[in-house]
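Presented sequentially are two complexes of chain A, the first with chain B as partner and the second with chain C.
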Partner chain A sequence: MLEKDILKEFQDVVGPEFIDDGDVMTNVYAYNWCTEFVNYMEGKEPIPFSPVPKAVILPSTTEEVQKIIKLCNKYKIKFKAQSTGLGPWNQPSTDNSIILDLRRMNKIVKIDEKNLYAVVESYVSGAQLQAEAMKYGLTVHMPGAGPMASPLASHTSMAGPGFTSPQTGHSARNVLGVEWVLPDGKIMRLGSLGQKNNPDWFIGDGPGPSLRGIMRGWVGAKSGIGVFTKVGIKLFPYPTDTKFVMTGHAPLYNFEKPDYIRAYVFDCKSWKGLEKIMLRVEEEEVGFIVSHISGLAVMAIFSYSIEGLMDKMALGVLKNPLLVVMGARTKREFDYKQMVMEDILTEYDLENIIDTKYVPEKVFYAECLRANLGYHGFIATGGFQSAKGQADAAALCLRAEKTNIPLKQKYIKKEAIANDFGEGAWMTSYEGGHFFHMESPTMFNQSDLKSVKGMANYMDESNKQDLIKHLGAPFFIEGDKLHDEWGPHMMNYHNWLRKIKAAFDPNGVADSGFYITAKKECENK
Partner chain B sequence: MTTEHFPEQEYRRMIKMCLRCSVCKWIPQVQIKSQKYASCCPAMDIYDYHAYSGGGRIILALAYEMGRVKPSDDLLNIVYRCTECGNCAIACKYMNTLEPLEIIMKFREKLVKDGYGPMPQQKAYTEAMKKVNNPYNEPHEKRVDWLPSDIKVDPDAKLLYYVGCTSSYRRKEMAIAAARIMNAAGVPFNILKDDEFCCGSPVYRTGDVESFKVQLNKNLDVMESKGIETIIFSCAGCYDTFKVDYPLYREYNFEVLHTVEFFEQLIEEGKLKFTTEVPIMVTYHDPCHLGRTAERYEEWAGDELKLMPLVSINIPPKPKNIGAKGVYDAPRNILNKIPGLKLVEMERIMEYSYCCGAGAGVKSAFPDMAIRSSKNRIEEAEDSGANILVSACPFCSTNLQDGIKESGSKLKYYDISELILMALGLDPEKLIQATAGGA
Partner chain C sequence: MNEIYQKLVKICGKKNLSNNPDLLKTYSEDCSYVSGKTPISIVWPKNSKQIEEILKLANSMGFSVISISSSSNVRYHGDTLPKKDNSVILNLSKMKNIVSIDRKNRVVMVEPGVTFAELIPKLKEKGLRLLLPLHPESDKSVLTSALKREPITIPRYHWDSSDPLLCTEVVFGTGDLFRTGTAAGPGTIKQQQKRGAAQVNPMGPTHFSPYRVIQGAQGSIGVVTWATVKLELLPTVQKVIHLQSENLQDLLDVQQILLKYRYADEIVILQNLNLACLVKIESSQIVELSNSLAKWNLIYVLSGRGKFANDKISYQENDINDLVQELKKEKLNNNSPINEKDILTALKEPTAFPWRSRLKGAYQDIFFITNFERIPEFVSIVEKMAQKNLGTYIQALNQGTSYYCEFDLFYDPGDESAIPGIKQNFMDISSKLIEAGAFFNRPYSLWAKEVFANHSEETITAFKKVKKIFDPNNILNPGVLCFDD
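Entry: the complex of A and B
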């Protein structure tokens, strides 16, 4: 709870109905999925609740955000911003905090269909923006988390790979102008938005060092460096005709498959083969989805229930599967892309099992187009989280995947995580195969203590393995403890990051549980 | 149903499993057609805080179970600001195996058992139901005041028209229209008159399961004593309660049909013939209780087979209610058969239809929430291009008409039975005025 006078000041900013410091509301915001194993990793009780924030506040404008942050500075209260709020990185690290739920900041400010970008606020979901972009024949990059996540959060603050990455890239690469409320309450406008004359959103950098790098780098500051209130993001041509007709009922909707869409799943039979073929498919730029997933994951993306998953055992035997989905706007384009794929299949002696051995439900194609495949990861146990997260060359990603298998098998034997033979992985390329992303989704049961502990230990070991075996940085290096562990191995980057943090957040009010503190900031806890 | 359909241990297991993914705030992701009509939860649309969503309510249930939150006005004010429309459950169950609506209902049941719920206005209508058999506190003897003298009722018929409290006292035009249609088709039917009591839905949905059981036994005793073979309902709420909820506590062996299902049959059989053009453009609102929540629970007595650590499957697969078996086609088939009538759809329809905003005690305890939700739906109906909004539930009718009034909309509202009367060549308004004596 906030002290009465302080509460009144916050109420004056947003109105009394948009701040709640009661026990009931604050407890709801203390919960998040996977918080139990984060707690365990931090030596706390493995419950799904973080420290309870003092209050939850729902601003509706940038000016309100600015005033809230100034009050946080005045009273030395930390703030944590959240968009749709999925995942433990939304949780406060201390009970001396308030949560800014940005739900009321939900405007699509503009869609510039000629210059291929949109400007959005925090609580526009990927599916919402895509639905509006589709009216112009366009689409948007969405993270694998799915279309319910916020493009603003993904682009400014957190990670960024998605199933359509071969076509739509990575969130970090798609950020244009940004409106950013700094931790001291000042407003920063990035790139062309900061111009004195005719400010606009079309580019995120200006002269001088890239502030986009400071703002998010590769993995994002997760609210540790201020609040982003609007962002310009790139739009891309929608892969097929945008006519989108669905009949029937959930989940097996009868989707009228566009004329020019086709899926391929084939077994590359060896790691070497997989690397070669994936690079080749990428080089040809024919697929808007090019993902290597495990045999079990192939079963999962075609399933809508655990029982349905088990029906598809025959797909699970694929050793090194590759999923390619291609779309086209014209017959000519489609014929060309199919021809290229036929050549690749012939050259490497591959067999496409789609429509020969397995016919997907029609809704599968809708899910490819609407970025909904990631959600299938919850099918088996209800919970999953990824280790790894490398962004590098295909060879390194595959090496990370291979070396992870025995480690995973160890925890499978302990019955802590679900049995995917240790192979569970998702690897995609960005931008025509110039670089790749690999993560190792792992299914566990968040309501089972043994599983939670096992998952936490596995994540920890996996991170350490990356360090020892020179596998690059995983994406969940966040918080002081891990940065302090990794910094010395990587040019002491953590010292530079701390300097940035100190310069941007002199009072240490932007909660840095999932970022980095300037060290002395810890004393405010 | 011999086994408890949602046992305590299932509840306790599931409240730990919410992913906090917010999928339950939206219609199924692949169905999103615009930014404006992407959301599915009336409570979230109005109150914004995560606690009001299906997932937020699950967290609250867990926090309550863990003793992290204590009963308080704050808690009740969130728990009861929900129409139990079940849209969150459809969205969640697209892929997940959680049961958000069951959890919401059971949480209310616990709060009542623990002596805290429901809200004062809901307690008042529960008392009224016990005293005068209807939640509106109207005299029981006036229950059949709606019945025009020229309507033929057959006391020996095995087909029963269960009118329900709202049509009996508040939306008499619906009761009259349904009765006239059956007369026009020459179908003998009975009504219970003094022996008809509230179905119990309003108390069930606020968590007072014990009062509900008394009510359902009272009703089933009457019906069974009369040897009823089929009951038809023009109220989606009563229909859902009889069809889905009664069998969870006591089996019965008569058939239940909503009027749209029954009238569709009569049209198919040629007993109802549309003779008159009704040249209007309408859009149809799927009532939650006729659509996604009107799926019967199927008893499952299979085995859970542990395939490997942490992964089990059900053999045979456990039936999952995901809205697919709601009554969606019948009303649309009827409308499409009315000569001259054009049906256009809203964006949120069928299993992901947006709620009118009135259900589960919201209209009485939180009238402002009911009206705001209704206005959202009215706007969507207007955006469909139709000038008439049609539905098949007296409770939706009241709230949507209130919304039309409040928002100053030019839309006109009809129950589907009134449009049938028009197509049969009977002007419903004139008929109702002439026969109901100022109903």
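Entry: the complex of A and C
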């Protein structure tokens, strides 16, 4: 709870109905998915609750966010911002913290059809934005988290791989102008948005250097460097025609499959073959989804229940599967792309199982277009999280995947995590095959202590393996402990990051549980 | 000075150092209207270790360091002219190693001294191509071009405003060596490559992307000692489409469709004089060709590769025709008087004859970024203010989310009486554009003060914080951007 006088000052900013420091609300906000094993990894009790925030506050404008942050500085209270709020990264690391729930900032500010971008506030979801962008034949890059996640969060603050990354890239690279409330309460507007005369959103760099490099890296700062209130993000051509007709009920909706869409799933038979074929498909620029997924994941993306998953064991035998989904706007384009794909299948002696051995439900195509394949990861056990997350060349990602199998099998043997034969993986290409990322989705039982501890230990071992074997940095190298561990092996980056943190957050009020502290800020805990 | 010289000799050896007054003098001037100070020495380091030592020495002895990469003696924009008395030129043109060309991952690792003329033929041998700025100068550094965010001519491959720059090795102003993106590790570059990495992900390490603050910083944050640069595959068939119109908006509308649906590789819009400069060398031929062209020219290239190359070009061409018809434009002239090969040369090759200097021998260029709607307004502002011999070049950036506009004021450098007028004209037009909201995202010397005066205080404060972190003693190129105090 906040002291009465302090609560009053926050109430004056948003109105008394938009702040709550009562036990019920603050305890509810202390819960989040996967918090239990993150707690355990940090040496805490493996419960699904973070420290309870002092209050939850719901600002509706950038100016209100600014005033809240200024009060946080005045009273040395930390803030943790969240938008659609999925996962432990939205949680405070200390009970001297308030949560800024940005759900009232939910507007699509504009869709700029001519300049091919949109401007959104924090709580707009990918699905909402896509539905509007489709009216112009456009779509948005959505992260693997799914269409219900906030594009603003993904583009400014989180990671950013998505199923459509071959044609929509990575969130961090699609950022244009940004409105950013810094930890000291100043409002910074990046790039062309910072101009005094005719500010606009079309570029986020300069004049001169780009502060996007301070804003985020491969992963974002998760509110550790301030609060992002609006962002300009690139839009991309929608892969097919934009008619989207869906009827019926979840999960097996009836979907009218667009004329020019086709899926391919084939077994590349070896790791080398997989690398070669994935690169080749990308060089031809034919797929809007080009993802390597494990055999069990092939079963999962076509399943809508645990029973349905078990029915598809035959698909699980694929050793090195590749999923390619192509779309086209015209018949000419479709014919050309099909011709290229058929040629690749022939050249490498590959057999497409789609519509030959297996006919997917039509809703599968809707999920491809709406970047919604990730949710199938929850079907087996109700809970999953990804280890890994390194991104560079295809060969590195595949080596990381291969190396991970015996480790994962060890934890499967211990019955700590679900049995995916140790192979569970998702790897996608970006920007027409210019780089790749790989993660290892791992299913576990969040309500079983042994499973939670096993998952945490597996993540820890997986991280260490990547470090020792030079397999790139995973997604979740965050927080002081891991940065101190990894920094010395990576050009001492943690020292530079700490200097940035100190310079931009002199009072250490932006909660850095999933970022880095400048060390001295720990005093405020 | 003598002490600095002696210490530099110890680091790089006498033969890699000069304090020849005549040579030093050449580094105090360039093609801009900026007057620079004469440096005290020029040093040609061979490797990053020497650069580290030089920057550490600069910190301890208090001299400034200005890095230069291109082997050309012709420099523009005043960004490499010393602004302090105690300056040393760090000439990286001898760091010429093409460290690796990786066909599989479509990436090249180069040192700063590698020029377009040196690299392009080597890439061709492997079926690869660079993402080029428009007809770059042969002796221009590939790495510097990427660091400056010079616009590239294939918007659909311009995934991020930072492309084609990927990972870098950099010595910060503190003298500390760092590697950005996935090159940071874990492990050395060799160890990473042994595991299959190719330094193709520029983001990171972890929560920040230092390459973004190095890029566009005019050498004021760090000295890049190598970088990986994104490549594309060389097409085997290309078809050039050249549309002409007196109406710029018509061509912008057609271009917007190409951008929206990611059709075409190279796409440029050029005013007739600039197009003529690109494909002809002699001034008289330029004028003759220019007079035969419509005022505005949209050029785009359809490309294919392998056995379906023609099929790809064919489907794209037909799809584009359908879309253009839907625009209901008056029929655009697609009869080009220019040989297709000449256009492709300008788009694919470097030149020993800088195209902007061909008409009159010299030029001053004014460039900025804007959005789709405001291009005609800015063209109109410049056309009203510019004296004769104006060239215009419009380049879609970042997959069509913004547009680079360049206005070239061509003039005869031998006509000394005209030069003051050109300078005044250059400054007046620039000021008017800045006032109207043109975004000068690469604010070189003569623009910097005005650009930052018209930019938010918060951004400037943030830039200064960043500068303080990576170059706390302001030894790297002091006086550029907003780092003048």
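In this section, the second predicted complex is superposed on the first by the 525 of 525 C-alpha atoms of A that agree within 3 Å, B and C clash if a C-alpha of one lies under 4 Å from a C-alpha of the other, contacts with A are read in each partner's own complex, and residues count from 1 in each chain.
FYI, a residue touches a chain if its C-beta (ideal position, glycine included) is under 8 Å from a C-beta of that chain, and two chains touch if they have at least 3 such contacts.
Since this is a predicted model, take the numbers as computed values, not measurements.
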Which of chain B and chain C A:K78 touches, first, second, both or neither: neither
First, second, both or neither for A:K408, with chain B first and chain C second: neither
Partner chain in contact with A:L396 - chain B first, chain C second, else both or neither: second
Which superposed partner A:R189 touches (first chain B, second chain C, both, neither): second
First, second, both or neither for A:M148, with chain B first and chain C second: first
Chain B versus chain C, judged by how many residues of chain A each one touches: C
Touched partner set for A:V24, first chain B, second chain C, both or neither: first
Chain B versus chain C as contact partner of A:I306, first or second or both or neither: first
Complex contact set, residues of chain A against chain C: 112, 114-117, 137-138, 169-170, 172-174, 176, 182, 186-192, 194-200, 202-214, 216-221, 224-225, 234, 236-237, 279, 283, 329-330, 332-333, 335-336, 339-340, 343, 390-399, 431-435, 466-467, 469-473, 477-478, 483, 486, 489-491, 493, 496-497, 499-500, 503-504, 515-516
Residues of chain C defined as touching chain A within the complex: 104-106, 149, 157, 159-162, 177-179, 182, 184-187, 191-192, 194-201, 203-218, 221, 230, 233, 256, 259-262, 307-308, 311-312, 314-315, 318-319, 322, 369-374, 397-402, 434-437, 439-443, 451-452, 454-456, 458-459, 461-463, 465-466, 468-470, 480-482
Residues of chain B that touch chain A when the two form their complex: 13, 16-23, 25-26, 28-35, 38, 48-51, 56, 59-60, 62-63, 66, 68-70, 72, 74-75, 78, 90, 93-98, 307-314, 317, 320, 322-324, 328, 350-352
Chain A to chain B touching residues, read off their complex: 18, 20, 22-25, 27-29, 31-33, 47-49, 56, 58, 84-87, 101, 103-104, 108, 124-125, 127-132, 146-148, 244, 246, 248-251, 253, 255, 304-307, 310, 363, 366-367, 370, 372, 375-376, 378-383, 412, 415-419, 443-448, 451
